[in-house]
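What follows is subunit A paired twice: with subunit B in the first complex and subunit C in the second.
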Partner chain A sequence: MIEPPTSGLDDTVHQRHRLGILTIAAEAERVEFGYLKTLLSLTAGNLSRHVTVLEEAGLVEVEKGYDGRRPKTWVSVTAAGREALAAEMAALRALLDRHDQA
Partner chain B sequence: MIEPPTSGLDDTVHQRHRLGILTIAAEAERVEFGYLKTLLSLTAGNLSRHVTVLEEAGLVEVEKGYDGRRPKTWVSVTAAGREALAAEMAALRALLDRHDQA
Partner chain C sequence: MVIAAAIPLYLPPECRFGCTWSTSDLPSVWHWLHPTGQASRTSTLGAHPSLWKDAYWLAALSMGFLAPVWWYRRRARKVGVETSTRPYAQVTLFVLVFPLLGVPVLTRLLFNALSWPLALPVLVVGVVGVVVATTPAKRRLRTVVAVLSLILFAHLAMIFAFGPLLVVAVGVLGLAWVERSAVCTTFAVLFAVWVVVVNAWSTWVYGSFLWPAALLDYGDLLSSSLILVLGGAAGLVARRVRDKVPA
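Coming up: the complex of A and B.
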């Protein structure tokens, strides 16, 4: 039996928008909700839903606060989130290698 | 504005199981439904649903026939399917490069 090519992919991380959230958040200490929303062209509701999936999986932390008087929400990647993102990248690399060899 | 890291990914192809179906099917002239089902650990209903999404997008063709007396279904990748898979691989490579540089 051939190894299934996608066995290393976890839907929690692999889902396109969540992969975007994790990638962007991993590049900074924390990232602001409105910035993510604009960058990923998501509605607030859709982004909120994906952030909640990641938060419940322990991959991001959500912090609410103020920037002056304006309420803001920041998202940051946890250590587990960085590990999960690295595992996804390793699985994608294996998939690309398989594709290159075909 | 930074380029969103996942803008090149298309959910039709990126979804984990569909990426698996396309990858396996692209490696052979055609692949049998039961084989895909076992390899990807999917139920018949779930696999069927994903194959239908790919078929409706014109990325695979489905052929029904017999192997002796047993009814069989084969899935093959179309030219558009190969292009879509190549585009996904290019987008994943760009994502990996971004990750490596971070």
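Coming up: the complex of A and C.
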């Protein structure tokens, strides 16, 4: 049976905003909720929903704290998250190679 | 500020019948830290080496490493993005442990066994070989090799009267390369050139002038630190101007 060319893509990771969250979080030790909201141009509710999906999949960790009196929520990528992102990138690269050869 | 605060340690002692000192008067801890008998100046007159100077510079070095981490973490909390400070902490630990343990042990093992004229080329060829061999390697390994080479350079540069300034120059040039800033590069090059002149001056011309040696020392140190202060001020002004101009 022939596998479809996009079979390597993971739906949890591939969604555009979740891919953005994982990419940004993987570049840093941890990122703050407000920083992600601005960078991805998302509403707080929308971002929260995507972060929850990633957290439930074990791809990110959420840490709540304070900067002075201001509440802060920090997001950091887990080891499983880094692996999932690397696998997603490999799948995308394979797709690009296939497209270039066609 | 760090250099200015160290000046009292370098003031010549007042002695009625002239001051003399010998390294044999120094405690055994000093001899452990300086296995080759290195001192900032090996003259028997004027400022002499002491354990206080070593302790001061070690404390200054520790603060110099800790302060940027504190500043960075504080800023990261405000900005909302924080990268790992673990490699920085590892390098800091290494840089502090290396002069306390690594240099004394390595010097006794290598230089005492082979003698200076043979050990020095062996060391230099070894380091250059490792650097060349790791050039195509991964970025993390290249960083480690670069840091180790800088530490080795820091050790060897101490044979010059103002060797520590040469190490600072390499650090500032590295910063200019990382920052890709025209202002930083200009002042880094200016500082590096001036530090080479200061070292050449102190090594080969020293003593041939009529004014006191201490005046030369302070003049050299203050002029070098002035370049860094001016560079910092210029960077601050450049950033403020850039922030005011709309993108």
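Definition applied: the second predicted complex is superposed on the first by the 100 of 102 C-alpha atoms of A that agree within 3 Å, B and C clash if a C-alpha of one lies under 4 Å from a C-alpha of the other, contacts with A are read in each partner's own complex, and residues count from 1 in each chain.
Please note the rule applied: a contact is a pair of C-beta atoms (placed from the backbone, for glycine too) under 8 Å apart; a residue touches a chain by one contact, two chains touch by 3 or more.
Everything numeric in this text was worked out from a predicted model, so none of it was measured.
Contact with subunit C, but none with subunit B, is seen for A:D67 once the two complexes are overlaid on the shared chain.
Contacts of A:E32 after superposition: subunit C is touched, whereas subunit B is not reached. In the superposed model, A:A79 lies in contact with neither subunit B nor subunit C.
When the shared chain is aligned, subunit B comes close enough to touch A:H14, but subunit C does not. With both complexes placed on chain A, subunit A has more residues touched by B than by the other of subunit B and subunit C. The intersection of subunit A residues touching subunit B with those touching subunit C, taken from the two complexes, comprises 24, 27.
Taken together, the subunit A residues at the contact with subunit C in this complex read 24, 27-36, 67, 72, 74.
By the touch rule above, subunit C contacts subunit A in their complex via residues 77-85.
On the subunit B side of its complex with subunit A, the touching residues are 1-2, 4-6, 9, 11, 14, 16-17, 19-20, 23-24, 26-27, 38-41, 85, 89, 92-93, 95-96, 98-99, 102.
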